[in-house]
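In what follows, chain A forms one complex with chain B and a second complex with chain C.
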Partner chain A sequence: MFTLIKKEIEDHIAYFIGAAVLSAILIALLISAMYQPEPRDMPVFIGLSIPVIVILIVGFPAMGSTQMYTDRTRKISTLLSTLPVSRRQILCARIITGILAILTLLLPLTITMVILFPLFTPPIQMYLGLVWEIFAAAFLMAFACYCLGLLTGWNSSKIIPTLGGLVLTSILLPLIFVKGFGLHTVVILLLFIIASLMRTWHTFMSTSL
Partner chain B sequence: MKSLIHYPVKVFATGFVVLTLLSIPLFWFRFWCQTSLVVRMPSEARDVSITPSGLVPPELENDPNVVNRSRVSARMIVGPFFLGIADYFLARFPGGRHSNIYYYDKKDEDWMYFDEETGQIVCRYTGVQRMPDKTILKKKVQLYVGPEGISESPGKNLGRFTSPVVSISLWLTLYDKKLRRFFYFDLDERTVVKGPQLPKDDTHKPIDIGILRKGYEFESLNWSPPQVRASEEDIKERRSSSYELPPIVRRYYRYPSGQYLLVLDESGRIDLLDRETLEFAGTAGWLPAPKTFFPSKEVVTPKDLLSYDVLPLALDTDQKYRGMFAVSVSREGTAMALAVFDEKGVQIKTEHTKLRKYRGRSADVDSSKAVFFEAPWAPVSTIGIYLAENLHPLLLSLVSYFTADSFEAAAGHRALFILPNSFVAMKGRDVSENTAERIITALLLMLPSIILAILLAWRVNIDATTVGLSENARLCWMIGTIAFGLTAYITYRLTRPKITLVTCQNCGNLRRPDMNRCHRCGSKWHIPELTPPAWRVLGRSEQVYEGLPAEEAEAE
Partner chain C sequence: MSDNVVIIEDLVKYFDGRCVLDGINLKVPRGYIYGLLGRNGSGKTTIIRILLGLEPPTRGRTFLLDAESTNLSAKVHGRIGYVAEGHNLIQNYKVSRLIKLCKDLSRQWNDEFFNHLIETFRLPMDRRVRQLSIGMRAQLNLSLAMAIDPELLILDDPTLGLDTVARRQFLELAIDIIQQQGRTILFCSHILSDVERIADRIGILAGGKLVVDCPLEELKKRVRKLRVIFPESAPANLYMTEIINQQNQGREMIITVANWNQQKQTVLETFKPSSCTEIPMSLEDIFIECTKPSTVPVTDE
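Let's look at the complex of A and B:
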């Protein structure tokens, strides 16, 4: 399993590097915004974060889509099946790799926020649980987008894996604007992730080698 | 066997993905139409006023010098409704409904919040101390407030609050839902006054004390006293200019509800609480019910309203409570009601938002109806909303009908699956008709949705027959398509068996190659019998025996 995960990371190292770079940019923006005494400069930081967020929107479904599309066209799982590896393990390794890529981006950012928040907020229970709620919703949203990539990537045509994930992500992402970061979003996203993983699982397992 | 179990799982999983991805664009379309409706609502239909206000003593109201009578007015400020993300942050900021911080001053670093760990209220403020040499010494004071006392350090001896409802104004009053009693705190004297415990059978369920307000972004409520022309003496002494109209009496801002505090009950009733004894002193009134598109219940609770505001009145002449003004905005944000209650809690005046139309003769149209049809291009948006609602699953529309009142009003504007603000749900809240009439009207409202569902179910049935799904599977799909409409149809298209059909030699229709019998006529495969041919292929020329065949010779 570890070998499979390692291989998946090596094959998609570009996404991990991208996630780490974007995380560093976002941390730099966050620290600058926190230490910036002038609130008039806030729109600049918000403006700078928008392209980063757009890249993220494209990034996670693209990763899922690439993983599945490469497998479908290059018959990677067919080759691996000749080794003592089951298809279940292949898909699990793929999903774990996706989660690791998301955590590469979000975890350093969340840790930075957890460290910085007490420095800039009064010593009272201000914005109770806000950081963790935002982290949970952002993680689930990123994972849901990745799952959409997995779902659309298992296709032999080029259009559906390329545009399908992107279109579906741009439909799903505004859920955060509609519902916020609270419990409603978490529940909907959890159900959505379970449903899309089940669909991917079924498709992947039932396809002939 | 596994595929039999997997198929429903695959269908339900795909169904939920489709439902979510379909509900979000439909939400945005409804949101856009709804916003365009309320933004284009005529200005006249947003305002409501009552003149004279009814709470000023007649000798002041009817004073011969009065130029303008007292007036209470309210205005709906209905712009784009709050999306979840804005509501999420507003609710968690100090003073928000999910925040334990009741007051926070960033500049002076003063605050008041409820510490859940200790169960005490922490107050930090700038204390002023007058020194013997008459200088003023300012120092920061942090106090911990519990049901048993006030101290500079937290301690178990102060007791614990469990779920406090706090009023922050000039005096700190609190109601604890578990202890079932009111408390009054004097921070200067560091004393706690306990009110009597409410009996177990008492029906009071206070949810707000003092300033009773919700969703103030959606309305504004103002009162203006009777105005007189400035006296010549005032003009001469430049206390007032000739065009100014000074008030004959002023509102007592220090204690606007006089000797009482207003307490909002969960039922929508507003009670008077005696500030001294911390006992209920009667009813001040209730939240008025706005006139909605379909007549809904006349008693509304805070949960049913998008916004409300209550303005108590005490005049600076006698500083006694004279009554209150209450305004409320309907769940849909299209109607507002303004009511005036006297000091005994009797509703003396009521006014609703409406639009005056001139079609031969003037007629008033309720704002809740005017918003859908009277504004320019409003019918287009209304039809848009109606059609979008009818693309929603039929089953969820029915659930919306039956659970119309269960959701908090503001949350209804952010609903994705169950729509408490849809026309069907509005009909569910209708009180003018009996249950049967309401259901029939709701079904009529859902007619496009029903027709679409039947049409899609018919198409699914035809396709399922062609594909060769079993009778049970076809029945399930038809029921599912009628219940979930477009969502089920898309799900079916995504999950239907993808098999290349072959022609049946018996009936001529297309049949599945993976099934033993034709799913149309039930005939088996026509497999030609493997009979050996009479001829042989030999490597040399065939020899013709002259004698008898070998078998016959043996027999002889």
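Let's look at the complex of A and C:
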């Protein structure tokens, strides 16, 4: 399994580099915004969320889609399936790689927020769950988008993997704006993720390689 | 542990409503080299893909090393070497990286033997797979399949694209493997002379059915091509079963008969032929006769 995860990371290293670079930029922006004298420039905070949303819409579905599309066209799983590797392991390694890419983006950002927020918020009791709610919603959102990419990527046509994930993500994303962060969003996203993964799992396990 | 390494039971496969395999039954005993022959599109590769669990069957069951193909574990896969038609290698990988990946994923790896093969084939490690010639890809695929010391080696047209020297090297290698106790090879090829050279047992697919399944020597004995000269014009019908092909020209008749035996010899003699001579048949001749439409089965059962 470790070899398969390593292979997936190496094959899609561009996404990891992209996530790490973006995370570093966002952290830098966050720190510089926090150190601004009062009143803080709110457009900076709003501006920070835009690249994250763009990455969620484009980056993670693209990663999932690329993983499945290149597998299908280059017959990677066909080779791997003839080695001592099961299809289940191939797909699990792929999903773990996706989760790692998402964490590459979100984890440093969340840690930075956990450290900075108590330092710069007004001297009142801060709702400690806020950062974790944001993290959980962003993570699940990114993972749901990634799962949509996986779902639409297992296709020999180029149009469906490219547009399918994008369209479905565009439908999914407004959810977070309508519902906000919280339990409702988490439940809906979880259901969405489970449905996407089950469909991807079924397709990948039963199809001809 | 079964004596049969490969078992196919009543295998049926449809593609888009077209029947490619129609009730195939086949057993490959341990330690045999089985040559599976058939024309393009006859279903050879489909059988192999179903055996390896890469393709689901429409009906029927297949087993490899006592495990059902639809549920082959990673452990069973680790005992099978496979050289695919067209060589399913990851094209954008460097040779060295592909080798490392296969090595890391394999349960056993014979470094000494693998390095010997790489040196024999002179494979460049620093080039990408897509930059290799078809022959080199075949050699790389074969080396990867052999490095795991497989109990069962499945070769789907492995010599396609190899030059004469490389083909000879490959065949010698296959013979070397079989000499190691208990090794079995399932071998598909269009080059009949290769199959004739190494196979113990032959299967011929035609019209979705396995029309031949018997040892090579048995096949040569059972399928007879005869030139029969009659005193007057040759009879239109010999009232004989299992005639694969019959051509009449004046007094001369050339017939190809499956499952030739004493009974058929007696039937022929009732027509009092002036002479009857056997025309020697190579495997290629038998193959051509057997893949004609409405061929009768030639089996050892």
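Assume the second predicted complex is superposed on the first by the 191 of 209 C-alpha atoms of A that agree within 3 Å, B and C clash if a C-alpha of one lies under 4 Å from a C-alpha of the other, contacts with A are read in each partner's own complex, and residues count from 1 in each chain.
The rule is short, and it goes like this: a contact is a pair of C-beta atoms (placed from the backbone, for glycine too) under 8 Å apart; a residue touches a chain by one contact, two chains touch by 3 or more.
Quick caveat, the model's predicted, so the values are computed rather than measured.
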Chain B versus chain C as contact partner of A:188, first or second or both or neither: first
Chain A residues touched - chain C or chain B, whichever exceeds: B
Which of chain B and chain C A:198 touches, first, second, both or neither: first
Chain B versus chain C as contact partner of A:80, first or second or both or neither: second
Touching partner for A:104 - first (chain B), second (chain C), both, neither: neither
First, second, both or neither for A:171, with chain B first and chain C second: first
Touching partner for A:3 - first (chain B), second (chain C), both, neither: second
Touched partner set for A:206, first chain B, second chain C, both or neither: both
Overlap of the chain B and chain C footprints on chain A, listed as residue numbers: 206
Complex contact set, residues of chain B against chain A: 3, 6, 9-10, 12-17, 20-21, 24-25, 27-28, 83-89, 92-94, 99-101, 104, 106, 109, 111, 113, 115-116, 122, 414, 416
Residues on chain A engaged by chain B in the complex (per definition of touch): 122, 124-128, 130, 151, 168, 171-172, 174-182, 184-185, 188, 191-192, 194-196, 198-199, 202, 206
Chain A-facing residues of chain C, complex: 49, 52-56, 73-75, 77-78, 80, 82, 84, 88-92, 101-102, 104-107
Interface residues, chain A side, partner chain C - complex: 3-4, 7, 74-76, 78-86, 89, 206, 208-209
